[in-house]
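Below, each structure is written out as structure tokens.
What follows is chain A paired twice: with chain B in the first complex and chain C in the second.
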Partner chain A sequence: MTGFARSRPGGWLPVAATLSALVVFPLVVDDGSWLNTAVLVLLYAGLAQAWNILGGFAGQISLGNAAFFGIGAYTSTVLLDRWNVSPWLGMPIGAVIAAGFAVAVFFPFFRLGGHYFAIATIALAEILLILFTNWAFVRGARGMTIPFVRGPDRRPTDSWAFLQFNESRVPYYYVVLGLAVLAVAIAIAVERSKLGYYLRAIKNDQQAARSLGVPVLRYKLIAVAISAAVSAVFGTFYAQYLLFIDPETTMRLELSVLIALVAILGGVGTVVGPLLGALVLIPLSEVTRSQLAGSGNTLDLVLYGGLIMLIAVFQPNGLVAVGDRVRRRRRAVRPAGDGAERGDAPLVGAPGAGD
Partner chain B sequence: MLLQVRHLSAAYAGVPALHDVSLDVGEGQIVALIGANGAGKTTTLRTISGLLRPERGEIAFRGQRLAGQPAHRIAELGIAHVPEGRRLFSRLTVRQNLLVGAHSPRARAGEDAAMERVLTMFPRLRERADQRAGTLSGGEQQMVAIARGLMLGPALLMLDEPSLGIAPKLVDEIFTTIRAIAREGTTILLVEQNVRESLELADHAYVLQTGSTIADGTGAEILASDLVRRAYLGI
Partner chain C sequence: MRRHHRWNWNALAVVGLLAPILTLSAGGARGAIQDATPAASPVAVECPPDAAGAPEDGVVRVGVILPLSGTAATVGNDERAALELAVEFVNEDRAEVPLPLAAGAGLPTLDGAQVELVFADSQGQAEVGQSEATRLIEDENVVALFGAYNSAVTRTASTAAERAGIPFLNAESSSPDLTEQGYYWFFRTSPHDGTFSEGIYDFIESLNANQSAGLETVSLLYEDTDFGVNSAAALTEQAGTRGLTIAGEVRHATGASSLTAEVQALQQQAADVLIPSSYTTDAILTVQTARQLGYLPQMIVAQDAGYADPAFVEAVGADAEGIATRSAFSPDIFEVKPVAGQVNELYRAATGKDLYDVPARGLTGMLVLLDAINRACSTDPEAIHQALVDTNLGEADTIMPWTGVTFDDNQQNELGRGIIVQVQGGQYRTVFPPEFAVVEPVVPLAPWDQRP
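Let's look at the complex of A and B:
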């Protein structure tokens, strides 16, 4: 449901209010663990937004987006480690490499239909994980540590130039907030451009798009390139945030699945969906983990998985649809046919539909 | 000749669908392709528009060879294919559907003019321009599908079963529209199960049987022929 994200009378007010709340958040909440949760929410909101450009708009479900995230993390870290290149420069370089890699690898992947495509993306991320685990140049499974930036007194210090904050973690929050805003801006730009129409046309009916002369493969490749570049940017941020990366933390399957899950539970193919998904899912996972795990049991995962199932059963269109439903009820009855357009089924294909 | 098809054969994953299709479409004509279900009418259109690769045979459009070219190249050359069942993008608005139709670089350059042209031709679509295509009636959806094809600014418009599943009172409207489009200079290749109406409309017609063109003539000739009267009109 894209209508939710589109500007309507007063549409800017909630946006401005949300942004102000996000800006003052660290000033009000002076608590390390909540700040960490907020950073993760914004990180996953951005990653899910990137996933959504390919998975949501174009309907190509990837379960390997951690590969792009990992490429971003490793590119900037290797450049920093070997040649002392600032992560601010490593970030766009990583984005370009991830986009190029995505185009090269997805070119054959896009010949696969439906589930086979998703399986190929899983294999892609897993292969990359194994490669990096055994690649001496990136220190294999031991991972890479990013050295502290030290002040004149040799103590770790803050450095905007090298995107590293050791005295207070708050600047990390503002950096990831800025990146998340950038990701949302890119998603909105795609949604409203012709590219967005083409991608949604491809998702809606690929054959029809082809018969109109839309070069389907070209637009899918553009979508995956954007998705990969944005994911890689967050990879660089994550490396700087942890100051340590290894293949497991940046490329594991769970990460790919979580990225897709955030977008899907939030609402596929909308700009608001991934944001809502991250806002609900990430704190949920953090809270269940900190409150219930620890003693070696896995009760947290049981609860977490159960809640995901509940959302999937009762809100199959994602959390975005809750807002839609509330608004619909307020507006009372709407013209017939509204229910029919909701599903992905090619309603127009049915003879006599609506006549 | 605008379009020439010679001894075309094609198959779906090894299952033959076309054996020997030959047809000519002259500039400015309305050409109808009729035949029973499964005779290969849709497949012929799909092969011309590049959705299906021909196995053998030649397709020439304004003297250029089409066989084996990708669908988007063929669309750029000026062939618009309005597929059977309308196949609208139900979640996009009418206007967005039309814009997707104007994909080729040439069409994008003339997009505003083309939009104005089709909205003048279909005033009802102007009213519904910002409505989701999936919420329109079947007749309105068919108009969007035709308009979407016209957004390409095609020299040849191929229509696959435009009257299928449309309320009877709207069928006449669809045929009137087709005649109007032809009068404005767009050549039309029409596939229809509505044999009588389409033959009355057509300058020339071909009869397709089990993947081969078995007869052709003017619309009136075919309409009068025993073959068609027996097989399709039940007289």
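Let's look at the complex of A and C:
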């Protein structure tokens, strides 16, 4: 966490405050739907963070990250269904399979430039969706149900061993909070390491990076492997949260797009961006739907889409740039400021520039 | 099954005029609520003295999850209108409609409590279904959940109900797994794919028995998503016990641009009957390709979907003649069951279109749930559960071609079934079962070149 603290002016205080607020949150709000929204916020924050490692730091825009998410969900669920393997074990196995799959598939993909790369990632997730829909071993289009862990009175009960909580959803919240913190920690580690600098160099100018001796392909493959592994971990969590998965739920194109959208609207290439994006976008979608969708006039979707467009028009650098703008203004009042360029270069990793 | 949504302003005006009149007449009958036994209710309700009784605010809230936006939005909104009609029957005095709870205003055993439906949009997505189910249970304090059309959404939403311990009634999802996973709180009034497949074989048997059709071998053609795969599995499973031989099965991609290879494979199998499970565009292409290649089984009995879509008959014209398909509902029922016709008039007045399969099943399921809540004499989940288990409705209590509603050990309605319609003179006419048939089935199919 030191990197996170260092990368933001103000040091440890905001980080500690945010974390303790997140830990206390379920004790303050015992309301089911807010807790559900919070779980989804943390889930998408983690997925967007994973996307960010490849799409943000390295500038390789992927619209197929749902493929890794789905692999994670299916790996743990198949292991649980066939061999009664705990999802806690299925989770790392899924992460390893997703990473291996990502390296194998993206090896040729990385030879494609710019838009063609993005198109290839769309095709990847769609192909996987069709394969899983027709694969009898994973029950194809019917999807897989994770049976309840039931207590002696036949009522669904809680089980830490099998990562399933039915009496209260609070444990799910803490599990996904832990995973989201892990994802952020990984992102910070990547950002601060040699890997992070290489990835940003690749993003800025691939040819220049290569001529300076950066092994471009190898580092891009490392980035996609990390991104895939983190996505897969959340896939396992999601399967356990829903207790049902089918190819449509875990691998559809909209999911890939939403993951990218959260990161892009939040602020590409920053650690805070995906978190901010999830914090704004997910409750927006949940609240507009719960308040307006019951009428069946789809006003909620119009409003949700309209707000996304507003952010895109007025904050093209992402929500994270709002904070930078405020900070810049504050700094401009004080004499001397070295961060004047921050926030103006959305495709360059902003944090780290402060060193 | 998709139809164009067209507002009928005249009908709206009629409803506008009728509504105050009906409200006035309901006011007149309100004094007699406690004595008014619903015309068609099979049992007079006697409440135990310790029953929890009416909710404090006099309103029973039921959560409804439907696809109100997304690809299934048309169906979802049509069903929504049917559910509102069902609640209108219960809340207002509609003694002229011979369905459970229609006479008398409100739920009699709950001091005439009014029913309020709280709608939520699933967008046809499984994860949204679970979020909305949780919200309805936790924030809206609903006493039961209802929905959710898409089988995957029904699955995740019913998981939320199972966790929370409140009843979930499903009226429109056909995946057999739903009732077979043994959820305590999950009930289904609609027949599932297994029951529907039995109906297809019953029809084939009756053709053999009554018309000496001599149908012995079957080819299956099915599309590769949830629907087709489930259908083929159920049909294969049951064929053996019916003395029918599966000559082969052919799977095709949904929305295929060519089905030539598939139809050639069917041609080689040379079975007596073809049972296809495909959506509209694939159904049209199958028949066109069959005609081109000269493939003609003695009979085609389809598993609903594309073959039951009027657009299919329009597209292939005379080539559709004689093709039979399983269906869940048909306008012919309006002739056989007067109450269905009566409900259809009211539905058309409200929406401008005729009742069809999904809205009809939704309306029926909602009445079953509300009837159970009434017999529970309480909104306590266990009491409603017990009342649902004890449900015993007869043939006259529903607008469906069913013999009634009673739940088996899996809490699946055992008296529901499909019907078989056949294209005759360019129209879908009910040919099976005999109680609902309006014309005789015609077998075998006429050769492609001897059609009008």
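Heads up, the rule we're going with is that the second predicted complex is superposed on the first by the 322 of 355 C-alpha atoms of A that agree within 3 Å, B and C clash if a C-alpha of one lies under 4 Å from a C-alpha of the other, contacts with A are read in each partner's own complex, and residues count from 1 in each chain.
The definition used in the following text is that a residue touches a chain if its C-beta (ideal position, glycine included) is under 8 Å from a C-beta of that chain, and two chains touch if they have at least 3 such contacts.
Because the structure is predicted, anything quoted here is derived from the model rather than measured.
Just to be sure I read the superposition right, which of the two partners does A:Q291 touch: chain B = first, chain C = second, or both, or neither?
In the superposition, A:Q291 touches no partner, neither chain B nor chain C.
In the superposed arrangement, which partner chain does A:D246 touch: chain B (first), chain C (second), both, or neither?
A:D246: touches chain C, not chain B.
Does the superposition put A:Y197 against chain B (first), chain C (second), both, or neither?
first
Quick check on the superposed pair: does A:L40 touch chain B, chain C, both, or neither? Answer first, second, both or neither.
A:L40 contacts chain C only, not chain B.
Quick check for you: in the superposed arrangement, does A:G213 touch first (chain B), second (chain C), both or neither?
So A:G213 only meets chain B here.
Find the residues of chain A that appear in the contact set with chain B and again in the contact set with chain C.
Residues common to the chain A contacts of chain C and of chain B do not exist here, since the sets are disjoint.
Which of the residues in chain C come into contact with chain A in the complex?
That would be residues 68-69, 73, 76-77, 80, 118-121, 123, 125-128, 130-132, 134-135, 137-139, 152, 155-156, 159, 162-163, 165, 175, 177, 181, 184, 224-226, 229-230 of chain C.
Which residues of chain A touch chain B in their complex?
2, 194, 197-198, 200-201, 204-205, 207-215, 335, 337-338, 340-341, 346-355
Given the complex with chain C, which residues does chain A contribute to the contact?
31-33, 36-37, 40, 133-134, 140-143, 145, 147-148, 154-156, 166-167, 169, 238, 242-244, 246, 248-249, 286, 289-290, 293-296, 298, 300-301
Taking the complex as given, what residues does chain B use to touch chain A?
It is residues 46, 49, 51, 70-72, 74-76, 80-81, 83, 85-92, 96-97, 99-101, 103-104, 132-139, 141, 148-149, 152, 164-167, 170 of chain B that touch chain A.
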